[in-house]
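Just below sit the structures, each encoded as structure tokens.
In the two complexes that follow, subunit A is the common piece, with subunit B as its partner first and subunit C second.
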Partner chain A sequence: MALDVRQAAPAPVRERPRRETTTAFVVSRIVVLSVAAAILLYAVPPLVATGSWVALGLLCAVSAAIVYLYLTRRFIPAKYLIPGTVFLIAFQVFPVVYTVTTAFTNFGDGHRGDKAAAVTAIETGSVRQAPGSPEYTLSVALRGEELVFLLVDPATKRVSLGTADGLTPLDGAKVGVTGKVLTAPGLTVLKAPEAAARGPEITALAVPTDDGVIKANGLSRAVEGKAALVYDAACDCVRGDGDTWTADESQGYFVNATGEHLAQGWQVNVGLDNFARVLTNPTISGYFAGVLGWNLAFALASVLGCFGLGMGVALALHHPRMRGTKIYRIVLILPYAMPAFAMLLVWRDMFNRDFGLINQLLGAEIDWLGQTGTARLGVILVNIWLGFPYMFLVTTGALQAIPRELTEAASIDGATPFKAFRRVTLPLLLVALTPLLISAFAYNFNNYNAIALTTDGGPFPADSPQVGSTDLLITYTFRLAFGAGGAQFGFAAAISVFIFAIVAVISTVAFRRTRKQEEVYA
Partner chain B sequence: MTLRHGFVLVVCAFAVFPILFVLSAAINPMGTLASTELLPTGASLNNFANLLASDTYPFGRWFFNSVFIALVSSFASLLLSMFAAYAFSRMRFAGRRIGMMALLLIQMFPQFLAIVTIFMIFTEVTELYPAFGFNTVWGLLLLYLGGALGVNTWLMKGFLDTVPKELDEAATVDGATHAQIFWRVIMPLVTPILAVTALLAFIGVMSEFLMANVFLRDPESKTLAVGMFGMIAGDHRNANFGMFAAGTLITAVPTVGVFLWLQKYIVSGLTAGAVKG
Partner chain C sequence: MRMRALGVAALATLAFAATACGSSPSAAPTAAPGTSAPASASAAAGGGALVIWADPLRVKPLQPFAEQFGTENGVTVEVKEISKDNQMTFLTASQQGSGPDIVIGAHDWIGNLVQNGAIDPVTLTEEQKASFSPKAIQAVTFNGQIYGAPYALENIALIRNTDLAPDAPATIEEMIGKGKELKEAGKVKEVLCIPVGQKGDAFHVYPIFASGGGALFGTTASGDPDPKQVLLGSEDSVKAFGKLKELGEKGDGALRTSLTNENYIVNFAGGKCAYLVSGPWAISEVKKGGIKYDISAVPAFKDGKPATPFVGVQSFFVASKGKNKALAQEFVANYVTNKDVAKALYDADPRPPALTAALEEVKASDPDAVKFLDAGKDGMPMPAIPEMAAIWEPFGIAENAVVKGGDAAKAATAAQKAIDGSLKN
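And then the complex of A and B:
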């Protein structure tokens, strides 16, 4: 697929003249070295302090490679590519690769941490009041910055200080009529609103005792309780409540004999389970074809609509005798200059049946986004409105590169303006714009916001409330992955891989086909 | 010619229509969602005044943050992108084709999910280097530079391909280095596409919401997109609609300003005169 002539005809090999060392050469080398040194001086100490040796090694290796690259006279293309590539790898490639690896795990709600964290969560979550244990009156206080409990035993009126380290008797505290502590030496007793503001901290504090832990029950009461569920390392299981849950490393759950599992699990490798789920899930596969069809139509209509309209006005304005082009151009980029999310919400309001502007102007009572046909047309229209200024801008830019002599020559040869456009301007435009059109297609194929902020997938037919008629693959499947079952990142990542595969295949095929066409024109 | 004007005017009407709606909401003193009509009864600039004087929303600060981030990051990514486009267009090396295709493909992954990873990366960065961590302009700038090589590189490369190679060959014969050719020969010739790309990058950052929303939590560090989304999130939507509309309009001002500044470069058509035949 040799496409451009330059590559097909290799440049004549010429002996490169030996260059003497110029001032610019020396200065540029010094700048490179000092920038590298400055970055290392800044970045190394924190890594050493925290003992992140892998990161340190990586940093040094990358810096050394970059310094070498810019000191040597070789690898000229790499000198131009590396600056952008470093950022690309760090902030796009790495996150994407990492996301793809989570597709092989059960990462998500209930499976966020490791096993130890799950055991702790299960044990503390199962704390219940021990029979016959006292119910303390609780006051919350601060010791310096640390939150502590002041516990009054209602029977003996003795005051104890409870911290994360344990329970100690406290003397000299003044107890009020309600049983709450008013003042205590060396401590700042919090008033009710102050304590309420620290609710999560209060809930989290557990004061260990001989028989269990003391935890707050509301803001003014604390009870001593015991963990009903206890982890036993010997059998790798959790016991309690007359049942035993054994760790199942393939699911990342503690499971009992009847197959029920505890809510808290941990992250494990599940292999291809997520991918298998995407393929076998009846709610996905049952609607897949329909959603994919509309998704393709939406992306194509958006791209072609934007490109047609954008190129149309760009061509109309691209005429030496056209007047007022400056004003026109400003007006035309306005939709693009407004924040997209805001305008999506505004469009949704304009389509509203009861108070929407469009119905007001038409004097109609049409539920635009409530019916399949109008809702689909509506979201495409909104998307074209948002996107056509982009196409207008890039076409205007690309038109500058096409010498006017070419179109003039065509018209002298007797071509009609339409023919000149079809045979000369459009092919040349497409050379520069095909990648952008493909990229715009991929973007719109996954245009989550355009749907989520307008129809949110709706309208939903009564018989299948799962999938709406404007749902794209991404909005529909992400609703499944982040819906009722809690966030399932692993599952969502597997879905993303599938969607990526679909878009990438379509794009690559389209790209090759258009490139072949251009060869014909060229 | 009349036909051209007619067509452009129709498209302009389509472009402006929703913006007029926002404008009328912004000058409507009763600025709620339901009360908004195209022609409000009684106009005032109260919504603008409330917005700028608001204690809850540091709008001026947001505005400054947005413009600063957008200017710096669009300038930096323009440079990075232009470097890469020069290499892709003018040099032949192993992996060139694959590299270009990879640039296009990497953008096609649903980035929505990668946010989780980016959050984890920057949790680490915030601990090690607070100056580049969450709630800082610099960290967000680094993040945006990750997108510098992308479809804009393709756009520039396509444009560069149309600039005749004879120009830099002549310079090479005269003894110019690759760096001199880049700065002295290529850069002056590609101003139209530089201006277009700069504007695209500027607008992209101004309206970027997803990453900025994860990144900027502190009210003082927010950008316009993040701050204004907070204004209408939850139950505030109806009550703040007038102020929100005013903010939306103000957001467009810097973009239009940058466009006015760049417009003369966009349509300069320098290459047409640079080479004959």
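And then the complex of A and C:
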């Protein structure tokens, strides 16, 4: 197929270089160049701000390449291929590479940042107010260029000067009714907006005392506190509270002698652990075959159901004696025009046993989503309802491309309409539609929304609360990775790799077969 | 031939688009850096700007106070609305360096936010601590540190239709008896409106479960829930699940899987049941239904333990990766602990304020707030430990199983096993 694209694309282009520059040519050039420039201008400041030099370099290189390509008259094929390639890399290749690399880490809740961030979080989180220490009223002042604290003890009204060197008593300061210092000799007291502008400096200033440090708590208060836990680079450990937690680089946690870890961890490379967990954990591997079986059945039933129904309707409307086709088409397209997200929720409520529309219409008491069989039937029905208009549309399109003479010739040769359809129309349709059917299969194989919004995997058997009877691999994975114990991106990525492999194998096999089929009918 | 080649090319593009749309959710984090980078730039460029993230309900009431704070301090304050997955959005953005300075959320986020190093402790003076209800302070305390400024308390209670059930039931048995009586008389369609759904609802059923003797976690020496001791499969919990089974579809029919989070309030507001187990958020809908109602505590079983609901505390958190931590601390510790802010937030979304002074004011005009608070008097602050995340779903599924008539011991053991399994990971 890739070959066809290349054959098709350059064909009308080849004459261009010899022709005079047309308006369309100029306009398209300006558009491409201005889009590239806009992206560059938009993305550079944040990249510089966060110091992402690699990304910045890549961005500049790509922009330079695009500008060069479109300002010269040469490289005609590249002009068409480059934008697509850039998007392909940005939206397909990069996510795949990122997913695969994530699969080798423990990235997730508790392990989101790096070690330095974890250490900071541990230390700041353990700062406790020194017992019995005053809660100072704070004013921020400048001594020359240096930022200093003016601290008023609310009980004694004594004013002290706090600097990075320590705390010293200060005489001659005037204290206002709010308890804040109004003026002080030799110092410029900052007003609220001026102080607010120096927020980061204020946060950073620590006034050392005998028991710990005095730090600002907002702009108007300061407290004396002490970090109960302190990181010691010499032993790569955290000490305090009468215990020592040593860094364990294989887990990304600080662990003490009894094996307990501090809450904050960091991201580390865990090698093949995530993959091993998928294969060896009995709650995953034990249910895998069952879930995969239903997953295949669901995807097949959805695709064949959508295709069967869509094609049937398209054939009916394609019949030359059919009247009012426009109205029918509009009505048939409706499900496709509705937001699937909302419709899935509506369907879920329609399936409700006591309050749902379906049981009320049928006068039945069926617990649709509460039993395995009916729940599975239900989700397939909903999915077909949502998907068939698409198949109807594409089949209609493909049918227009099949010359009527072919079926007419068949009927002259004495074929029944069914035989003509079976032998002439269907094969020609399939040549055009099989790639679509395969991609629809791949899509439905991972159709998270269809399940999550209707049954959410349920019904669940009482003895296994983790795997429900309508769970697809993707919903099941999502529950394992994000349902319990917070988000586990690394683990989720590893399972995604497995699912990707399954879908890739199925699609490859199917495409190979299609190519053979094309050779027969083309 | 050329027509066909073009057609196939077009179809291939379509196919490509289709598969691209179906890419797995694990690709989501990769999308984040691209989208969040510009946001961080605007925050960095703003200099003295304070960014607050809130859910839709709280954006409007906060706005005037944010502006006032901004004027007083000569900075701009932006209150940004985040409508979905606030905790996850905050964590991802914070990690990318594009998060806010302040975020508003429920206190049970604390454990997870702390383990990800996303929030800083908030230092409140003794005086400030004393101005809050003790339960609110207990809720926002994690590992001995206060991590947020609480502003509203919420818990579920029993709301009853006083035309149908004039008296507050003293026990669950009494309530069920009355509900069944009304149902047999054709006056209501359901015995009790409480959401169960296909996956159970641990939050709403918890008071009944607790009254039946069930428990989630053991307690540590300091009185905090102990994640090492999951008690869902314990003997007492099995008994409690047994009680839920008796109330379920094969028993009294008070718990029904067809009552879901989407329809349980509507059913009550439509007069289809005499009793509703829900929180302050149900009141506006109930009022719309024109029902005469009263609020009391969820009753306990006769001779059972007290029916303790979960108490949730909405709080302001200071983001540890915020650009303006001094300002954020000032806002959270010294400004929103102000009575007027609490009152304004209450007016926008009537949940009882955590600040005692604001509550006193609210009490005078809104008896419902007092009744809800009374109903949650013995409530248990929802455990804020990150391990709590592992409880909800297995608990709910076990509830669903017994409501449908499944074996209580089997359901409880399976839930315990699932939770133990995920906590070890």
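To be clear about the criterion, the second predicted complex is superposed on the first by the 343 of 522 C-alpha atoms of A that agree within 3 Å, B and C clash if a C-alpha of one lies under 4 Å from a C-alpha of the other, contacts with A are read in each partner's own complex, and residues count from 1 in each chain.
Definition applied: a contact is a pair of C-beta atoms (placed from the backbone, for glycine too) under 8 Å apart; a residue touches a chain by one contact, two chains touch by 3 or more.
Note that the structure is a prediction, hence the values are computed from the model and not measured.
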Partner chain in contact with A:G486 - subunit B first, subunit C second, else both or neither: second
Subunit B versus subunit C as contact partner of A:P95, first or second or both or neither: both
Which superposed partner A:T203 touches (first subunit B, second subunit C, both, neither): second
Touched partner set for A:L81, first subunit B, second subunit C, both or neither: first
Subunit B versus subunit C as contact partner of A:G166, first or second or both or neither: neither
Partner chain(s) touched by A:D109 [first = subunit B, second = subunit C, both, neither]: second
Touching partner for A:N217 - first (subunit B), second (subunit C), both, neither: second
Touching partner for A:M322 - first (subunit B), second (subunit C), both, neither: first
Partner chain(s) touched by A:P403 [first = subunit B, second = subunit C, both, neither]: first
On subunit A, the residue positions that both subunit B and subunit C contact, one per complex: 4, 7, 11, 42-43, 46-47, 50, 91-92, 94-95, 98-99, 102, 349, 354-355, 394, 401, 432-433, 435-436, 438-439, 442-443, 446, 448, 474, 478, 489, 492-493, 496, 499-500
Contact set on subunit C toward subunit A in their complex: 2-3, 5-9, 11-12, 14-16, 18-27, 29-31, 37-38, 40-41, 44-45, 47-48, 72-75, 88, 91, 95, 97, 111-112, 114-117, 120-121, 123, 125-126, 143-145, 198-199, 256-260, 262-263, 267, 320, 323-327, 329-334, 386-387, 389-390, 393-394, 397-398, 400-402, 404, 406-407, 410-411, 413-415, 418-419, 421-423, 425
Subunit C-touching residues of subunit A, taken from the complex the two chains share: 1, 4-5, 7-9, 11, 42-43, 45-47, 49-50, 91-92, 94-95, 98-99, 102, 109-110, 112-113, 117-118, 120-122, 124-129, 135, 191-197, 199-200, 202-203, 216-221, 223, 225, 263-265, 277, 283, 349, 352-356, 367, 369-370, 394, 401, 432-433, 435-436, 438-440, 442-443, 446-448, 455-456, 458-466, 474, 478-479, 483-489, 491-493, 496, 499-500
List of subunit B residues in touch with subunit A within their complex: 1, 4-5, 7-8, 11-12, 14-16, 18-19, 21-22, 33-34, 36-38, 77, 79-81, 83-84, 86-87, 91-93, 96, 99, 101, 103-114, 116-118, 121, 127-129, 142-143, 145-151, 153-155, 158-159, 161-163, 165, 175, 177-180, 182, 192-193, 195-197, 199-200, 203, 206-207, 209, 224-225, 228-229, 232, 244, 248-249, 251-252, 255-256, 259-260, 263, 266-272
Residue numbers on subunit A that touch subunit B, as the complex places them: 4, 6-7, 10-11, 17, 19, 24-25, 28, 42-43, 46-47, 50, 52, 76-78, 80-81, 83-85, 87-88, 90-96, 98-99, 102, 309, 312-313, 316-317, 319, 321-322, 324-326, 328-343, 345-347, 349-350, 354-355, 357, 360-361, 385, 388-390, 393-394, 396-398, 400-405, 428, 431-433, 435-436, 438-439, 442-443, 446, 448, 474, 478, 489, 492-493, 496, 499-500, 503-504, 507-508, 511
